[in-house]
Amino acid sequence: MKKSEIIVNALEYIREFRGKVFVVKLGGEVMLDERIIASVAQDLIFLHIVGIKPVVVHGGGGEISHTMDKLGKAPVFVEGLRKTDKETMDIVEMVLTGKVNTQIVSQINKHNGHAVGLSGKSGRLFEARKTNQKVDIGFVGEITKVNPHILETQLQNGYIPVVSPVGLAKSGESLNINADTAASKLAQAMNASKLIILTNVRGVLDKDSRLIKRLTLAEAVKTAKSKTVKGGMKPKIKACIEAINGGVNRTHIVKANTHAVLEEILTKKGTGTLITKNKIKD
Amino acid sequence: MKKSEIIVNALEYIREFRGKVFVVKLGGEVMLDERIIASVAQDLIFLHIVGIKPVVVHGGGGEISHTMDKLGKAPVFVEGLRKTDKETMDIVEMVLTGKVNTQIVSQINKHNGHAVGLSGKSGRLFEARKTNQKVDIGFVGEITKVNPHILETQLQNGYIPVVSPVGLAKSGESLNINADTAASKLAQAMNASKLIILTNVRGVLDKDSRLIKRLTLAEAVKTAKSKTVKGGMKPKIKACIEAINGGVNRTHIVKANTHAVLEEILTKKGTGTLITKNKIKD
Amino acid sequence: MKKSEIIVNALEYIREFRGKVFVVKLGGEVMLDERIIASVAQDLIFLHIVGIKPVVVHGGGGEISHTMDKLGKAPVFVEGLRKTDKETMDIVEMVLTGKVNTQIVSQINKHNGHAVGLSGKSGRLFEARKTNQKVDIGFVGEITKVNPHILETQLQNGYIPVVSPVGLAKSGESLNINADTAASKLAQAMNASKLIILTNVRGVLDKDSRLIKRLTLAEAVKTAKSKTVKGGMKPKIKACIEAINGGVNRTHIVKANTHAVLEEILTKKGTGTLITKNKIKD
Amino acid sequence: MKKSEIIVNALEYIREFRGKVFVVKLGGEVMLDERIIASVAQDLIFLHIVGIKPVVVHGGGGEISHTMDKLGKAPVFVEGLRKTDKETMDIVEMVLTGKVNTQIVSQINKHNGHAVGLSGKSGRLFEARKTNQKVDIGFVGEITKVNPHILETQLQNGYIPVVSPVGLAKSGESLNINADTAASKLAQAMNASKLIILTNVRGVLDKDSRLIKRLTLAEAVKTAKSKTVKGGMKPKIKACIEAINGGVNRTHIVKANTHAVLEEILTKKGTGTLITKNKIKD
Amino acid sequence: MKKSEIIVNALEYIREFRGKVFVVKLGGEVMLDERIIASVAQDLIFLHIVGIKPVVVHGGGGEISHTMDKLGKAPVFVEGLRKTDKETMDIVEMVLTGKVNTQIVSQINKHNGHAVGLSGKSGRLFEARKTNQKVDIGFVGEITKVNPHILETQLQNGYIPVVSPVGLAKSGESLNINADTAASKLAQAMNASKLIILTNVRGVLDKDSRLIKRLTLAEAVKTAKSKTVKGGMKPKIKACIEAINGGVNRTHIVKANTHAVLEEILTKKGTGTLITKNKIKD
Amino acid sequence: MKKSEIIVNALEYIREFRGKVFVVKLGGEVMLDERIIASVAQDLIFLHIVGIKPVVVHGGGGEISHTMDKLGKAPVFVEGLRKTDKETMDIVEMVLTGKVNTQIVSQINKHNGHAVGLSGKSGRLFEARKTNQKVDIGFVGEITKVNPHILETQLQNGYIPVVSPVGLAKSGESLNINADTAASKLAQAMNASKLIILTNVRGVLDKDSRLIKRLTLAEAVKTAKSKTVKGGMKPKIKACIEAINGGVNRTHIVKANTHAVLEEILTKKGTGTLITKNKIKD
């Protein structure tokens, strides 16, 4: 195929999504490979130019633990949640908003995109409260309200927003929010038509480690409870389930290869797992 | 290269031209091949979606002669200009605005584009007067003023305008306008950044029939006078010269192959002849 | 009465209709008389200037048959519908969009109006499908969807749209649409407050050939079935009935005398037949 | 001529003035005849509906003197200017803004127009200072700055502004402004294309009491100094001269008959005196 | 407290009311003291600058009687309503629109505010009809419809509207409207969040002449009927009741001391009587 | 004075600055005292509500050194500039954008303001290059271009931008920018009418440690070179000089007491040093 034919073939997919919001979640595990961030950056710029509105939410768990290490502070986890005392929260915020976020912004802007990084506290984007905690794990929170107005003004003015998952408590304190959940909540609040979770595995795998290409909501609920699914994948599936229940059309869990976002959109089959409310025809 | 890479590579070209007007002239000789019109239609839709503003001007000489034939009226040419009595002018207008124009509109809209066909009389787009004629050749005109407002409202509202080269005389009569000239005038009036003339030869050829890839304005002026250039090519070169003098940045004469417009834009070298004011670096 | 008094008296009628859409259907039979087209053109410009939004839909049956004749092709009618093979459809489109339409545009623009001619294919205005045909009559269609957006952008920008009744099939092919029906559908889709059908008879006549000044919807339904009504009038009455059912307030069938449109609007009685849902008081 | 023809003939005049501002000065002497105010009201509404922007400035000298009389206060004039002590200024303002102005508003709104009356103090429309006075004549002022923004917002929102000639001093005090001058200043500040002064004589008369139909600026300057021109006419001519020097195209002094404004606009000859910079062709 | 602290403390009150409409009724009895008008003017300007939208409605009964006196016309009252023959109505209008209104405008504009005075006839603000009268009391009216559009355009454009309570009858005649009622109707039509009635007593007093700080709707209804409440206060309470029933949140009856409006807003307790639908917590 | 009087007196200052941009530089040395940040937050919100457009730029040198310490990395300074290797730059960015910036955002939003924190890389706000370095000090940069568009969209949409002084190199790398300079450049690019530098001393002091209340540009230039001025104050004075040369009207160096910003604006004398182009009258 000639270049121009490939491009023209992309048209029918693009047209379907013009004017729609895509929330792309970039897992912390993805960001170790600079080539991948660069390719994600290009994908986002492309979406933006053809009239799709991308919003990025990122994680950064590994980087947080790494910095804590350097500061001589051992990470502690309680049932999968990071115990977050005041000092840890300062580190969480520094790493997420001051390092991971600004790196993504740099990548996009280096490729002549117009990214704007912001914390979930900015513009009161994520209003939050402490999670109900049996054991005190400190500044770990859940979103009580999403105020997406600040993101909408940026999208309207030609910017790509990049959001770090930090919430604002009524007290003014910062709260550590799970990035998958934050992305899901944001997708719901912005009536996104897609939630794309980029990670370092191929998607949801079955017990024989084969990729599951399609899941309906019902199947996903079942899968999320199954033992064959590994730890890190469960909150991703749950984020997708919540998003679908909140009105998001299509949710994807995809390996963050080069141009994975475009491949997912511009090809019928995609490369990862697609979770939708009902069975869809290819 | 993966599809997505090709698409991403197209970005840097696209970005350069976002928000700019391209005037694409479709020669009558091009429109015999339906596959080509279809591919031009796709190219135009793509331009439109990535934020470039395409305007089409078309010719239709062959089709006019063909219809005159059927009506038992022999075409007469005086120094390359069609002798156009009242009856002929009616045929010219029927064929251009009622047949060629509507076919292009159909092709674009069939591919889910939003084309709007219009005569140069609509919205007083081409105000015209009869050309100074030593020999009376009737309703042959030249443009005295371009009023592009109607096209701008269409572009702003998401439509692709397709224009037939008919002018409006003060008397309300229709005048037959040369399509190359009409395209050039329009490109100037709309501050187009490109004029692309699609035809059925590879571009401007030298005396050994080799394609000339680049011409500066000075070279083009010389070439337009040279004997090695064939009849039909001369008005095309002149239209480009006039466009450049009127502020258009780049003018192209290109063979209307499949996706020729995209190939011309998305590749550094292009496929036809590029005429610019000064020598450019590749 | 002084000129100024007449003008001032016109105010109360004008005010009632400011900002409203009027669909004016110009029958092909009307367009033989250039004086009448000129006067219609003036009326439309006046409406436009006082803030009423006129949209013109025209026919052109006679001119089509005439051109077919010249091309040595005999018109064939099946139950009042023109048998339209591919070659005939080309002629239909050339004559409607390339001749009749552009003539009306010329007349309006010659009087310094700002008309824009367009085919029903432009901007996907009339999406259509072939009519259900017992006998194959070819490219004869019915409208499945009206997309009036292109007309609205023109009205907002100060243009008078003039529409030829050609529909766009999904295949991209052109379909021949009855002009009365097209006008009626358009009036409904644009929430027009008036549909004015200009023709060459005084209006609906009773069995003694006297003009019927007023018809309610119920009476019109009855009249449309009656034998006293001549062939050409029936589809006009049906178009009015459909328009009223689709929410159009007042529908008129009027002889296209000089300034018939203004006379119909600016005087209480009007000159033709007024069909409304319920009985109205003068 | 049929009604519709008259109306259509009015078109060419209307079109020339669409979107333009007309300042109409209504002399106090005019307002004794209610029929005339009613007809002026209709004229203004008509202008408004066809897209011309009328602004009214009115006088009211007679009514002021009349009310002073009733209050047992004798009017005193010094060189044509009313001696205006504080008590008199209160009466001036009550009569102009509270009586004459509101009567004009009533007339226009009674005919379903949308007039808004306002004092020159509102929105700081007329900033003013006391005139240089050899003899102290109190609160008589001259305009130092016109702030037409408030009128522009009204015109844009579909209202007809009616202005009383009262100025606002820096001290917050009200100042009595000559209405002809106020109208002229306003016409200049708003780039009006016409200033129309309605009065109770036919226009400027020559020494044999014949109407002078046309005056150039140079002739007007001469005429303003001549002895044959009566007292009340001189400030009117001067207001016109100043307006022309300030960029107003055409200035008229006309008798306020029924529909005088429309007659002046809709006929080539007009009924009063037209003063323009240079000689004009009919 | 430092100045800046006081100002910063005002923030929380201001924020609550940003973008809301306040209707402030200035009683005629208030306007004798120029210092008070000046302070009200400053308060209004302040509201305006912090984003609250103030609209002023004023009375002027005393001034009307005073002017009638001077003109040798004795005021007559029938059940609290001024008998208003044609001559009296002229005086009412002159005084209200030409004197009281323009004085308030002067005060605000002298303090660099941007007030615009207008009669309730302007822009058809108060459409009215004569009140049902057992005894003929002439041009006394009640509002049948409020058209607040003219005020909204002024507020949007940065002006403070000042309204005199004159209504427009269908006949075009002016009608004398009770100012408290006019303010209440206006507050309802504009979805005001506050109606503040400024008067010359401290608020609603109980039988021992002590200020009642709070009234619920039910209590207010009862109080309005009680004998302990003096004549002038009853229509004020009724205006508040009507306003609350029409959706206004808080209604105040307050003594017009210096900066009474600001004190009422910027302090929790306020200085007068606050009437609300239900009991409120301080 | 009553509260309301104080507030009303503030009006004349507020009015002068409505719609103007103020750039407020918050020194890192200021942010140790949480009470002060809280009071600055309130001041900014107040400015915002009365229509002034505040933009915050902050430093954070102390906090950076403190964090480096914790990470076992000794800060090195070369001629007052921090030697910034890659690892240090990461810390700089984490602390500035991830800690100091988000703390200011929290404070403003806790007081119900709508702050948005962003790095100078976001929206390409600060394009930068490495400073010319005799000795290699690494990622220390100077601004080559300010793109304030992202800030303007935030101000227009009701947000208070808070900017960390990090620049974006063409390579995509982050550069450490001096905060005083960044604030000055931003003030120039946004046509700010004030640059207010908040610090921990009273302003510019003379050799006897007395506050200098006023400096002209010429005096400031001299003072910046004098030996009596301490190290940290010099770049502040230079930032002011540059700002004035770049068109900023008034520049202030002020001790960050409670409500220092408001005190500086709302009082004639202010509390710190005011530097202006020419001598000003009090």
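Chains here go by letter, A, B, C, D, E and F, matching the order in which they are written, and residues are numbered from 1 within each.
Everything below uses one rule, namely that a contact is a pair of C-beta atoms (placed from the backbone, for glycine too) under 8 Å apart; a residue touches a chain by one contact, two chains touch by 3 or more.
What you see is a predicted model, and the numbers here were worked out from it, not measured in a lab.
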{"item": "Chains in simultaneous contact with subunit A and subunit D", "value": "none"}
{"item": "Third chains touching both subunit D and subunit B", "value": "C"}
{"item": "Per Cα centroids, the chain farthest from subunit E", "value": "B"}
{"item": "Selected interface, E-F versus A-F, where C-beta contact pairs are more numerous", "value": "A-F"}
{"item": "Cα-centroid distance, subunit E relative to subunit F, in whole angstrom", "value": "46"}
{"item": "Where subunit A and subunit E are represented by their mean Cα positions, the distance between them in whole Å", "value": "55"}
{"item": "Approximate Å spacing (C-alpha centroids) for the pair subunit D, subunit E", "value": "34"}
{"item": "Residues of subunit D whose C-beta touches two or more other chains", "value": "none"}
{"item": "Touch-based graph of the chains, sorted into line, ring, star, complete or other", "value": "ring"}
{"item": "Ring of chains, enumerated from subunit D in the sense that reaches subunit E first", "value": "D, E, F, A, B, C"}
{"item": "Residue ranges of subunit C in contact with subunit B within the complex", "value": "67, 70-71, 90, 93-99, 101-102, 105-107, 109-110, 114-119, 121-124, 149-150, 153-154, 157, 159, 166, 168, 170-174"}
{"item": "Partner subunit D, residues of subunit C touching it in the complex", "value": "2-8, 10-12, 14-15, 18, 39, 42-43, 45-46, 49-51, 112, 258-259, 262-263, 266-267"}
